[in-house]
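Down below are the structures I want you to see.
Both of the next two complexes hold chain A, though its partner changes from chain B to chain C.
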Partner chain A sequence: MFDLANLALLGPWLVLSLGIMATMLVSSIRIETRLPAKIVTIITLVLVMITSIGLFSEGTKTVLNGYIEISKLSCMTLFFMSGISLMFVVGSGGYLNKEKIHISDYYNLLLLMVFGASILVSAKDLFVMFIALEVMSLPAYALVGFRRNDSRSNEAAIKYFILGGALGAIFLMGTSFIFGASGSTQLAQIFEWSKGYNGDLLLFVVGHLLVLFAFLFKVAAAPFHFWKPDVYEGAPVSVTGLMATVITTAAFVVLVRLFHLVDFQSTTFAPYLESLKQLIRVVAVMSLVGGSTVLILQKNLKRMLAYSSINHTGYLLLGLLGTLSKPDQIYSIWFYLAGYSIITCGLFLMLSQSTTTNDQGLELVDLTGLMKKNPYFATVLSIFFLSMVGMPFTVGFFTKYTVFMSSISAGEVGFVVIAAICAVIGAYGYLRPIALMVMRDPDPSSASFVGTKFNQAMIIILAALCIILGIFPQALIQLTKGLELIP
Partner chain B sequence: MNDPWLMLIVSCTVFVIGLIGVIFRKNLLVVLMSIELMLNAVNLSFVAFSKIHHVLDGQINALFVMTVAAAESAVGLGLVIAMFRTLKTADSDQIQMLRD
Partner chain C sequence: MENNQELTALLILPLLGSLLSWFIPKASQRLYALLVSFLQLATGIYIASHANFTKGGGLEQTLPWLSDLGIQLQLRLDSTSVWFVLLSGFVSFVVLGLKGSWYRKQARLFTSLSFFLIFAMNTAFLSTNLIVFYLAYEAVFIPMILMVGIWGTNAKATSVFRFFLMSFFGSILMLVSIFYLSYLSFLKTGNLSTNLDDLMKLSADSNISLSLCFVGFLLAFAIKVPLFPFHGWLKEVYVNAPTPATIWMSSLLSKLGVFGFIRFIGPLFMPTFVEYQGVLLALAAFSVIYAAFLAIQEKNPKSLLAYSSISHLGFVMLGVFSLSDAGRTSAIVLSVSHGLTSAVLFYLYDLIEVRKEGISMDRYSGMARQYPILFVCLFIGVLASLSLPGTFNFVGEFLVMLHAYPVSALCTILSGIGVILGSVYMLKFYQRIGFGKSEEMTSTADIHGFDLIVVMVILAIIIYFGFQPSIFLGGVDNV
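Right, the complex of A and B next:
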């Protein structure tokens, strides 16, 4: 039941919604200047980080009649997502000035998106997941189309919207089928129902597959990935970065929850688990192979990062495959998500420093000879690209290592071999820009990169995190081992 | 229409019509309408299951879905208008600047 003690447990969400209202008020008073809304946003995100850390010691509780879960997993994800958003808010001021985005509604939409993502990761009810998905997606559509006079931005927003809207409906149809089969939309009650059930599975399986389909689309696993490169290319760089980190993290946490929807120990559902594993194997291999081979053909950096994220989805699905047999390996997914988000956040903050407007100067050739022209920039960019490859002494190495180990322990050795081959193919794609930067002479017509003080500070923090976590990953691994998935 | 399973068949049919509309129609406004159709089909199926299980959850969910659908169409129309201003078209065949 609802009482005041539960209100304290909802701290981060209350702070976020107050922040959203405050930014709305501030932007209605001074619409043409961003600074007041930016300050309110930064304060809100810092407060969210503090309150979510405060909830970390609460253990696992459900509030609001079991619709919202307060657990280490949800608090840690929320802390992490607001931290990444804070990096983007602080670091992308120069980019927004350059693109002449002066409307302060940008921050309001950004906070709304984080709010939706924060409910999504803590929702314990399929229907609440749908509402949270829409609360997260609707601001995201608007943010993708934020450069209103640029037709590419508009096109990306329209594509994203139509796909997202249809997927929302498909997810909801799946929810209603599961509701029809089990009589409830709450995850805990569906789990209870599955323990004693031994009847016909058709209705449930159709619903479950629809729900999974919607979220496999959302995390852009091949063959459901075709929207991602277009949306990434059209959206403003700071928004693309947020999508690649916050939305991907939230969607993947939900995907993991959805895969653990029923009790697979029961005899009714055990055969279904085998077919689910087969599904993940197919999707994971397609994402790995497709992502890494198309990645090396790309000429645009944003498209390249889109295919790279499809490739990373493949590794994450491989980790998921391991956890379906070995539930204690689930930390490998959280660790991978954390490491991947740190690298991606740094890369997109880097790209936002380009001096050309309308995201034009983000072709691969623009990096030619950068080591001579701008050694600092080239060095930091190389660190991020090497982390993407999975070089030792960067965080990318240990994220791949833990995922591979978890799938090997589940007996999926063949798939780990495929994934390792794909990692080598992908490495060519990531090392090519480094080679261009170091080995060629600068081309006077190519774009240059200048960052603001705040931007550079954020990037240095992220690059340092990449290396520190690459040498001492134990702290983060221990932290992620505490994040259990409670059905 | 007293049999909930009949309602379910209607709901699935309407849902598939909406899905076909999203995939094959070229006018963006029609695509928006098709998405709304899909959401309304889901409403019907929620209500039907609610009747089968004798609980009210599904009917309350249907109310929420209507709210979300309204918000979604507002954002969608805004995006279509923004695109119409730059490209002077609402035909999805005409928008293909983003390609490999």
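Right, the complex of A and C next:
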């Protein structure tokens, strides 16, 4: 069924596709002229933000035969992802120039990636999810390997590509099992099927677990995390930032959807819920403990942030654990994703502005004495790191607050205690750079930060957001409480 | 409880002070800090003098903040918190008058951090919402750590880390306990609340075991006080911190732990508290003696003062753990007196350090002849610290022992030995730096001007309350 009203509902995706084509055209003229591509990208992302806000009030609708869902959740995620991408596009020009990879293809690939992510968060069909996953991942592989002359960048791209391809295959295999069990690949129909089903679960469970593993891989929950540090380290900083924010957000939204694939109220699936919870517990504890302990051993900042993101995945899974028994706590996950993305975006934009003589990338010791050398950068960087710790008056506190609350309300007190101890361990890791910046005198080998005007503006906005949301989080909490997960 | 809209002034004033300090020229930062902190103290006295604290009375104010998460900004000034708020106002005024490297290097940052610290401390002392209390309790770290890190001496980084991680460990377990409590109250009443008054009802329910939550709170506050065996962070931080931070820590931050025991652990977990009373009393008594022995063998005068602080706080905890109203009152009295005494001792010690710049602390000696007035003041401070009758400390320690004796005679007697040991190390401390052979004669002047006035005022208060504790007790007695 196709009519013009449906076309309007697809606004953000149409805008994105047009933007992708436009950047492609622009880059075909001359690859070094990047300004037109950049402008087109910025306009596209702004338009996506506007159109997704427009759709926000539409309520829940499905278009394209139920393959794509327009809901508050998908619109909000889309708005948020394009906002973060916009920050990166505006803020990382200086870095790309410095690395000599500032060509218009970068913007084309970036838009493609956002396009894939945007379909992923609104897909209501396992096959659409797979296609969206590939549309999102393929440009990401290319972006990771964008520093062509750097062997580590190439290594990261190959690693990411092979593992990404493998997980795509695993996902497809899981899909086929689920299809075999339930007779459908549409999420809504699978949910309906599960309500009345009371036969053998084995086929479905195998399929479901495979599908889940694929996405646990994508969000890099331990023990599926080993690709992450290498990829983070090798990729250009702005790409790492995009991966940590846009791809993580999209993948986690899908993961939450997949966890709520069947109706756990039905008697057939109730025992399965218990084993699923057990699975999340194991994965969450491994991510929390592994992420936080390895985090404090790292010397390279990007690797440190990779382990930090594994640690944060653990917190998110803790929130997810709560939502499986208390569905009204699901806002904690959205809130956490939003807060975490803001912090991470700020951190990576900061890192992209460093100049270091070290060719291993920015090491922790390079931050020595930054407070004396460059108080502005040191202060902002400290704000981001304190947010990561979860200090009061930063957004990081309330993100932790909501997920802890979520799993406590599901009765998981022991796991919250483990998470709390991991927070202390992680705090040591995040405070080390602050201590180096504030308490030491600068030495000549330490890095210096030179931000472009745009970059500084973006960073200040993000740091301000960190603090404002740390004092007045109501607005965002209200917003995220309105985002329901529709089966 | 009386509703009062003025309580927020105690929070807004330091917060404004913290923000506005960035617009004040560097040269007049000290003047500005003194002015604002005096205003703060005056506001505190004004508000306190208009309230009636008898029979559980006081002032209350509720502001909406995060009602979605069950958090409200609930402030309460009652007979417990009023003394801590006033102490914080007074000590801050004293501290900010102290001249030193902090007013030469990054002075704006120092003033700003100081007022932020006061803001956080006042929030912690006033709030009856557990989450707001936790927020403030954590927020205290930020200025403290930065102060030690920026203006501290040699081994500051390691000491700050140990301090932060130990404290953070305790307080995050407290946070989890707060969550659990509010979850329990949600189960019981269907209302997600983190307000003290709502959560207090939980302990009445004998079906619920709160001992794990109790441990969470206990760790947080015991590390902060610190109570043996959680005192590991203290010495290094006290020694390496700049004097304002040391005074703040010994006079006020440790009291935050004491306050937590009185305000939160008591009402929330009374049945569990009673269960563990014996162990806790023993720990408090052991703290007193152990720290006293450590102080006796200590060569470095600043470390000696740090250990003496642990010893005195053991006394305070003894009062708290006697679990009677009278014991609690005496613990508050001793808290205030210890706050004043340790402030004056560290203050004077800083004046000595300034006069002997470049000389290792271990080699201080024979200075009484050179700075007679300073050392007379120090002598009065030392006497106050070893609780000579007629000083404020004597009142506090006497009352504590009086009220702890019926509960546990053994622990009280053991702590009594701590008083004797106290005079050993304090007199040794005075003898070492005051008398003996003077090595170098420097031409710096004796104590004078602002410093002299401040020290005299504190000493006068200590002696006045030593003879007239009834005024003080009248206000606290009806907790």
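Assume the second predicted complex is superposed on the first by the 481 of 487 C-alpha atoms of A that agree within 3 Å, B and C clash if a C-alpha of one lies under 4 Å from a C-alpha of the other, contacts with A are read in each partner's own complex, and residues count from 1 in each chain.
We adopt the following convention: contacts are C-beta pairs under 8 Å (C-beta built on N, C-alpha and C of every residue); 3 or more make two chains touch, one makes a residue touch a chain.
Just so it is clear, the model here is predicted, and its values are computed rather than measured.
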First (chain B), second (chain C), both or neither touched by A:168: first
Contacts of A:481 with chain B and chain C, given as first, second, both or neither: second
Partner chain in contact with A:281 - chain B first, chain C second, else both or neither: neither
Partner chain(s) touched by A:326 [first = chain B, second = chain C, both, neither]: neither
More chain A residues in contact [chain B versus chain C]: B
Touched partner set for A:427, first chain B, second chain C, both or neither: second
First (chain B), second (chain C), both or neither touched by A:401: second
Touching both chain C and chain B, counted on chain A across the two superposed complexes: none
Interfacial residue positions of chain C with respect to chain A in the complex: 66, 68-69, 131, 134-136, 138-139, 142, 146, 149-150, 156-157, 160-161, 164-165, 168-169, 172-173, 175-176, 179-180, 182-183, 186, 212
For the chain B and chain A complex, residues of the former touching the latter: 8, 15, 18-19, 22, 28, 31-32, 35, 38-39, 41-42, 45-46, 48-49, 52-53, 55, 57-58, 61, 64-65, 68, 71-72, 75-76, 78-80, 82-83, 85-87, 92, 95-98, 100
Residue ranges of chain A touching chain C (in the complex, touch as defined): 371, 386, 391-393, 397-398, 401-402, 404-405, 408-409, 413, 416-417, 420-421, 423-424, 427-428, 431, 435, 438-440, 473-474, 477-478, 481
Contact set on chain A toward chain B in their complex: 127, 130-131, 134, 138, 141-142, 145, 148-152, 154-159, 161-162, 165-166, 168-170, 172-173, 176-177, 179-180, 183-185, 229-230, 233-234, 298, 303
